[in-house]
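Consider the two complexes below, in which chain A is the common component and chain B and chain C are the respective partners.
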Partner chain A sequence: MTETTQTTSLPLPGRVGRQRRWRVLPIIEVAVLVIAVLLPFVLKDYLTIYATRVLILCLFALSFDLVWGYAGIMSFGQAVFFGTAGYGVALIARDLGVTSILLVLPAGLLIGFAFALLLGGFLLLGRHPSSVIFVSLGTLTGSYAADRVARGWYYLGGQNGIPSIPPMTLGSYDITEGPVYYYMTLGILLAVYLLCRFLVRSQFGLALAGLRENEQRIAFFGYQVQRLKAIIFSFAGAVAGLAGSLYAFHEGFVWPNMLGVVISTQVVLYVLFGGSGTLIGAVIGTVAIEAVSFWLSNSYQDIWPIILGVLLLLVILFRPAGLVSLILSERERVGNFGRLPEEGDRGSS
Partner chain B sequence: MALLEARGLIKIFGKLTALNGADLTVYENEFHGLIGPNGSGKSTLMKCVAGAEIPTSGTVTFGGRDISQASPAERARAGMSLKFQITSVLPALTLYDNILLALQAQCSLPSLVFSRSRGVLHDRAMAMLEQFRLVDRAAEPASALSHGQQQWLEIAMALAPEPKLLLLDEPTGGMSLEERRVTGELLQPIKKKCSLVIVEHDLDFIRDICDRLTVLDQGSVLDCGSVSHIQSSARVQEVYLRRA
Partner chain C sequence: MDNLFVALFEILSFGAIVVLVVLGLGIIASMMGIFNFAQGEFVLLGAYVTYIVHSAGAPVWIGMAAAPFVVGALGFVLERSIVRRFYAAPIVAMLGTYALGLIIREIVRGLIGGLYLSVPEPLGGSVNIGTMHFSSWRLVIILITALVMIGSYLLLARTAFGLRIRASLENPALARASGISTNAIYGATFAFGAALAGLAGALIVPVFSLFADLGLRFLIQGFVAVMVGGVGSFAGPVAGAGVIGTLAAALPWIIPPVIADVLVFVLAIIFIKFRPQGLISGKGV
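Presenting the complex of A and B:
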């Protein structure tokens, strides 16, 4: 990758000769991966199931980090894509009897993509760039409306949702909750993470950084900013859809909350808590909030939401760049996009 | 041959008429200065040309094509480039990435996703940084630069895509005398490559680098012509003395 700013051989001010600094981000990423791989060996079975749910939520959080952390689009409605994909695959399984992983996961991904394209097209593809407030309220409204529609639609099971979704299958093998589901989810999360990492460190990622930093400025370079936003919004919708379909089969049921404002807000907190614009921050934030919630809900059954709320407020107030900013520098968080200038390049023109 | 022609531009903001039938003609490879007292409509005219503002009425043609209603991105793709009055480099990105961002704006989506043009654009990015004396700081974030250097970086960003017309809104604003002198030096070599429209309060600076000047007053063109013509214009003298 190209994010080795600190290792450049250019004679930078205040620096003599070649100096190499350790990059923290890959170390954090590898450490998180190693822990995730080893976790089922030390966890009890019921906790492995809980950890699987957390991994799925990590995937969901990646989708929000893409739109907010990288493109500066404040989506308060990511649950629309998570939930519609969940409902979509639940209906495919219930009404068509299709449970093959080779069909339902791509279907979930496509449903998330299609709904994001639809909502994103409406909110983002106007003649003039949409304001952050317009997009925030538009996505929030979308999430609320989807929740209400699901609650009121008998075909979707109304308030109760769709229960007893059969397990996902691979050939004749049922993929049920437990270590197999855990490692399958981890593999998918890793693949999506690497894909997102590739994307945000590419030249497309640089365009996204420009979008986030100064949308108006890059329009004057010739970037079609609305189209860029719609593309990343739809891609993130596909990731949320993938997460939603995994969630539906893991839990065995879907219900209107999957589409609603609460989970839409929850994913915002995951990312802000961990640190937006880093991908790994989304994963760490999700794990941290879910782990603390789990522990607090066992230890302080009555007041745990208050304690959690205060904790979140403290981090957002005193560490607005999230938990990862405790060990990750701002420069490394932003990263580099071009091939690094080498000493021999000076005057190469 | 005229590269840019703005005819009868009117721009009204509420009760304020910022432009009142202003005209502007810029020829190929010409350095054209826009001068006038504060509030005369220079920046508004520049914005109407660049697409930051859509004129209430009037037309803008660029390379023979009517671009009056075109978006800034469409104008940029047609070969127009703007440096804003307020410095708007991307502070969190390195200097190198700021230039690369400007250079890659017209690459296709697959090219961006697979970073296909990264290698090709590298030399051009380095050349721009070299030209603007910023190459030694290529790997630093733009926020680390002084105000004058940020202005140079933004001019380099505007020039990087090799536009046909470069629009500079107060490029020496807030610069020291030495930085102004260097800016003049940096701009001279681009004369062979593109046309330039420059809004500037420093009359000495603009006299040194421009071929022709347009003088605005209260949203209208007061006079237009060569530097010597403007210097000897009684109407221009009168306006500047009146405001002084």
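Presenting the complex of A and C:
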């Protein structure tokens, strides 16, 4: 009896919310998914192709959101993994003639993972814990260096990159741009999103969020801080690699910009604008920026980057949690992590 | 023998350019703890001001003299209105100044288009010693760099104003308690750093010509140099700039330029990894 009264008088913070009102986050997520599924029915063909590109960029944005929004690792070089995977699958298609989706996508994923493991392992592991400035500078330099190398390397096509990559194939079927590619990308994005969602809401995600908020305290709890960072960095690299290989086959060519500082910072813009630290924020930010950019690109092409910069500055100054925080409460944005050990007991009693 | 001297001169003049760019960055990073990602764009602005004055028909050197003041004034305004909000959070400062840099870069891009605009050297010709030719303008850059370096050092180490800056750096709370307005000091320091970048941009525009992404390359180079040299002191960033500038200028004589360019950065990052405090550790001037 006493135990029951205790449970009702001291409920978990999450429970009150669940009883009182709807949770907003799942509604947003489902709404975005429904819109994404229905979109090709209303869009013209060339817009479906554009939308596919945006979905691929969403996947890329997720990878940055994982490292910055969750683990607090400032990566100004996320395009390295995006671009190397793109170049990798392009070379596989060009030189080995392999275009089967069952081979090239895992290959892209692995390339992204391997490069992220190398770069992240070097920057994040070691005797001295790395400062945030060092990591951001190191990743930025990595991106700049990769861009330069790709531009100067004849085998990779130099300035022009690798043109006319053959389409991806599944058996004898060519997966060309259009609704099929769109739904395939959407499926992959959804799968990766759900995986990330599971990951960041687990106890592992809690440790990551702790890293972001107070790294030292997490270290005192006995976590291998640097190893955690290297793990999430490599995982994010794999996601970026997947996005890069999808992008390469969708566009049909790869070029040095894919590796460079411009794309690296573009993805920073997406995530900060949409709201870092929420997965849906990365998606919303990407879609918002790309949609407005498409809409404005005809008439205001010159001033759009300036507006983008001003928006970013305003968001950083006044809305550090991004667009999503306009409709999402702070409690829900931070979220809850896995199941507390006693939560199950309380539920059954 | 003559070739060696010419090579050395090239290396020295490029090293001087890097030092000039890094000095402002280093002062802001060391004295305020802010990694100013807009510094490259301050360089760009300095170059742009010079170009504007030149295209208005005035002599180039007037533009060069005006550039540090214009950019310094803008730096002061930006510090007062925006950058001062970032002091509590260095990472946010990085992103915020990056956004500022983006805005400046895109405005300049909008104004000049995707063009490469050239500005003539105010002092043409070359100094000839025997059979060797040294470009006069590069000599002037070396000279001005040396003067600016000595001047900045004296300002920070020997004047009352420098003392206040150092006091605000070492112990802001105590400095405020002693009646130093740390706010005003930070504003002035930021403006000074920006003015140095503007001067750098003005001086190098005849060598590199003006294009919108001019600053980006110097930004990365500058940051690497500051980290190699060590944040917190005056000598650190200068030493780092010397090393990076020398390497960046010397390596292309030995190995292909593309590899050299990348190799400098890779070597620098590896160096910082194993010696995070940089070449010269410690605070102060």
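To be clear about the criterion, the second predicted complex is superposed on the first by the 318 of 349 C-alpha atoms of A that agree within 3 Å, B and C clash if a C-alpha of one lies under 4 Å from a C-alpha of the other, contacts with A are read in each partner's own complex, and residues count from 1 in each chain.
Note that in this section contacts are C-beta pairs under 8 Å (C-beta built on N, C-alpha and C of every residue); 3 or more make two chains touch, one makes a residue touch a chain.
Computed from a predicted model, the values in this text were never measured in an experiment.
By the touch criterion defined above, A:Pro320 reaches chain C but does not reach chain B. Contacts of A:Tyr144 after superposition on the shared chain: chain C is touched, whereas chain B is not.
Contact with chain B, but none with chain C, is seen for A:Ala209 once the two complexes are overlaid on the shared chain. In the superposition on chain A, contact of A:Asn257 is made with neither chain B nor chain C. Residue contacts after overlaying the shared chain place A:Phe221 against chain B, while chain C stays out of touching range.
After overlaying the two complexes on the shared chain, residue contacts for A:Thr176 are found with neither chain B nor chain C.
Once the two complexes are overlaid on the shared chain, A:Gly152 sits against chain C while remaining clear of chain B. No residue of chain A contacts both chain B in one complex and chain C in the other.
Across the interface of their complex, chain A is touched by residues 35, 82, 85, 90-92, 94-96, 98-100, 102-103, 106-107, 109-110, 216, 220, 223-224, 227, 256, 258-259, 261-262, 265-266, 268-269, 272-273, 276 of chain C.
Interface residues of chain B, counted against chain A in their complex, comprise 50-52, 71-73, 76-77, 81-82, 84, 88, 90-94, 96-97, 100-102, 104-107, 109, 111-115, 117-119, 121-127, 129-131, 135-141, 157, 161. The touching residues of chain A, counted against chain B in their complex, run 5, 8, 10-13, 127, 199, 202-204, 206-207, 209-210, 213-214, 216-225, 231, 330-331, 334, 336-341, 345-349.
Of all residues in chain A, only 74, 122-123, 126, 128, 130-134, 136-138, 140-141, 144-145, 148-149, 151-152, 261, 265, 268, 272, 302-303, 305-306, 308-310, 312-313, 316-317, 320 touch chain C in the complex they form.
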